[in-house]
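Letters A, B, C and D mark the chains in the order given here, with residues in each chain numbered from 1 onward.
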Amino acid sequence: MESFSDGVIAVAITLLVLNISVPEPRLLGHHGLAHALLAQWQIYAAYVISFVTIGIIWINHHVMIGRLREADHAILILNLLLLLTIGVLPFSTSLLATYLKQGEGQNLAAGIYAGSFLLMSIAFATLNSHILLRKAHWLHTELPIEERRRILTRSLTGLGPYAIATALAVVSPYITLVICALLALFYASPIATGVTKAPA
Amino acid sequence: MESFSDGVIAVAITLLVLNISVPEPRLLGHHGLAHALLAQWQIYAAYVISFVTIGIIWINHHVMIGRLREADHAILILNLLLLLTIGVLPFSTSLLATYLKQGEGQNLAAGIYAGSFLLMSIAFATLNSHILLRKAHWLHTELPIEERRRILTRSLTGLGPYAIATALAVVSPYITLVICALLALFYASPIATGVTKAPA
Amino acid sequence: MESFSDGVIAVAITLLVLNISVPEPRLLGHHGLAHALLAQWQIYAAYVISFVTIGIIWINHHVMIGRLREADHAILILNLLLLLTIGVLPFSTSLLATYLKQGEGQNLAAGIYAGSFLLMSIAFATLNSHILLRKAHWLHTELPIEERRRILTRSLTGLGPYAIATALAVVSPYITLVICALLALFYASPIATGVTKAPA
Amino acid sequence: MESFSDGVIAVAITLLVLNISVPEPRLLGHHGLAHALLAQWQIYAAYVISFVTIGIIWINHHVMIGRLREADHAILILNLLLLLTIGVLPFSTSLLATYLKQGEGQNLAAGIYAGSFLLMSIAFATLNSHILLRKAHWLHTELPIEERRRILTRSLTGLGPYAIATALAVVSPYITLVICALLALFYASPIATGVTKAPA
């Protein structure tokens, strides 16, 4: 299960680069390439934020699946739903990058962008809680209930900020972008992942 | 063999997202982005149905190959043919999504869509029956002949509905789409896969 | 090494589907979708031949690397060159599929198509001979020199037909296509691969 | 961690082929396909140089991670940043290939091309030094401090030439291209990688 999930996440994270388009030479105008590259800074911002966010989901997924000795039908299906939400991210990233430089549609695009992260977080928390609450006897090392609750609380606290980021897209797409960037930074910190050691 | 197959299936399932096109800003018209995104709902429907169907084929493939201790030339070639039919799905999904919103060509596109699932099911059933009937001595754990017949019957019963979905495309592409969606839902249920436990 | 090579080959084989383009609805004309799909039969032919050829190279690669216990710098670099020639195949397949329906350029495109298979075969034979002749002490199970020569002869006999297919592109691209198809069929037969049993 | 990294690098290296575009038949002019294919030689040069460079980074990454028994949060994040810089290479390769045949923008494109290799080298050296200096107790086999310093010096000496290649893009993009090609050749030599034996 891990090798397939790793494959899907690895392909999704690498497909993000297809969103970074090379400026069409014929359409450069008199400003030149440098100007055209700088003018699409939204594409790079969306690329970095999505890359780091998917990367962190992979780290969390790796830790979560690494705990499991066995999987049943529910785990396989919940995992598939999580991969479905991850697989959509190259699209929502491309949507945001395209409309952030347009006059209209920015707010909706930013809402869908943060909303797709929210969806992914919900799918992740659902899988995580299924494993930790119902299939705790399949873990490699037994975890006390307090520790399991701590892990779960951590995945649930991600939902709030993404819901806020989605809602604030109505106000400004840039606020949404900044919140998503801050969340990526926060989740990349050791406090958030709680990883101290994992098999290489 | 499993790592290569997992790779091909993971790439095929993730490439599906390339079909979800970002609406061209210049072509939005006065209806705006929301309208343009909703107007291509067929693309999302096709994406979700194809994603779940490929995902379930992966689960079944994982269980089937997980039973095997060794592989011979026939298994490798039959597996390659199965991957060939899976590799085609991003195309047939894109074809359906494109033509479902056109006035003409809908029926043919839906027929090819369901037909490609039918082809994949035939390839899967062929590989499965080769393994269970002819190479049963290569299974990790010996399976009684009744159990093997039950597994085979399950993979064969998939063919009928997909053949019906393909044929009904002449009547309406939406009937085909609904049947494919219901089949994905049905196969995602624990009764259909018969998975109770698998190594994580 | 195997997981990386498997990944590259899996991505290359799955990217082939991007060559199968969905006919543009606006450009269908009065012949309709069925006609447009049939008119690009060269694309499907090239897809199937390339898919099967890459698939067989994977089988052979899997068997070859499966024999190895350790790898040195030369093996890693020769393997990388083999992957380089495999990575180019989605391009040469697309080139052939595009120009086979054009009036001109057909012969050159077919020559490059078969030529890229020839190049891949040369890279494979080079890696194979390096392993079997110079690094025979790194094999999992010792192979007598006659057996090693037999395996090598088999990989070398592939070069001739591909060289002929490349040369005959001057006469007709369809002859080249048919030879490549026959070679794929031949290599997919158990006589050619010599695989009797491999770990699943 | 290795299977995910292998996946990302394998997808990035294979996506490079999407940059090799098939000449549009309608735009061939009277020179024909051969001329059009030769006229885009910059694309092939950029493809080969990027492919070999990413391949060598993979070899080095494989050796580096192969030394590790365990990973902590810092290693996972530094590895993710390295993958981020590798994931960008299909874009910078495409940018160089597009602008090398244009009159303007060549220098900037070449600078970004070599600059992205420089960035990747910095990310690699950072991860490598973190592992060898701070997490040396997690290595499978203990390495004496002199040996660790020798490995580190080797990854640091890569930075200089790439910085020079980036700076010289102001003078001529072709000088940059030649330096990057020579570096790929040099790093592919056994002296540079220092690999004598690795598990297959």
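FYI, contacts are C-beta pairs under 8 Å (C-beta built on N, C-alpha and C of every residue); 3 or more make two chains touch, one makes a residue touch a chain.
Keep in mind it's a predicted model, so treat the numbers as computed, not measured.
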Smallest number of contact steps required from subunit B to reach subunit C: 1
Interface residue identity across copies subunit A, subunit B - same or different by half: different
Distance between the centres, which are taken as Cα means, of subunit D and subunit B, whole angstrom: 36
Cα-centroid distance, subunit C relative to subunit D, in whole angstrom: 26
Multi-chain contact residues (two or more partners), subunit A: 2-3, 7, 10-11, 15, 18
Subunit C residues within the subunit D interface of the complex: 1-4, 7-8, 10-12, 15, 18, 65, 68-77, 80, 83-84, 87-88, 90-91, 94-95, 98-99, 102, 104-105, 108-109, 112, 138
Complex contacts: residues of subunit C adjacent to subunit B: 2-3, 6-7, 9-11, 13-18, 20, 22, 25, 28, 32-34, 37, 47-48, 51-52, 55-56, 58-59, 62, 188, 190, 193, 195-200
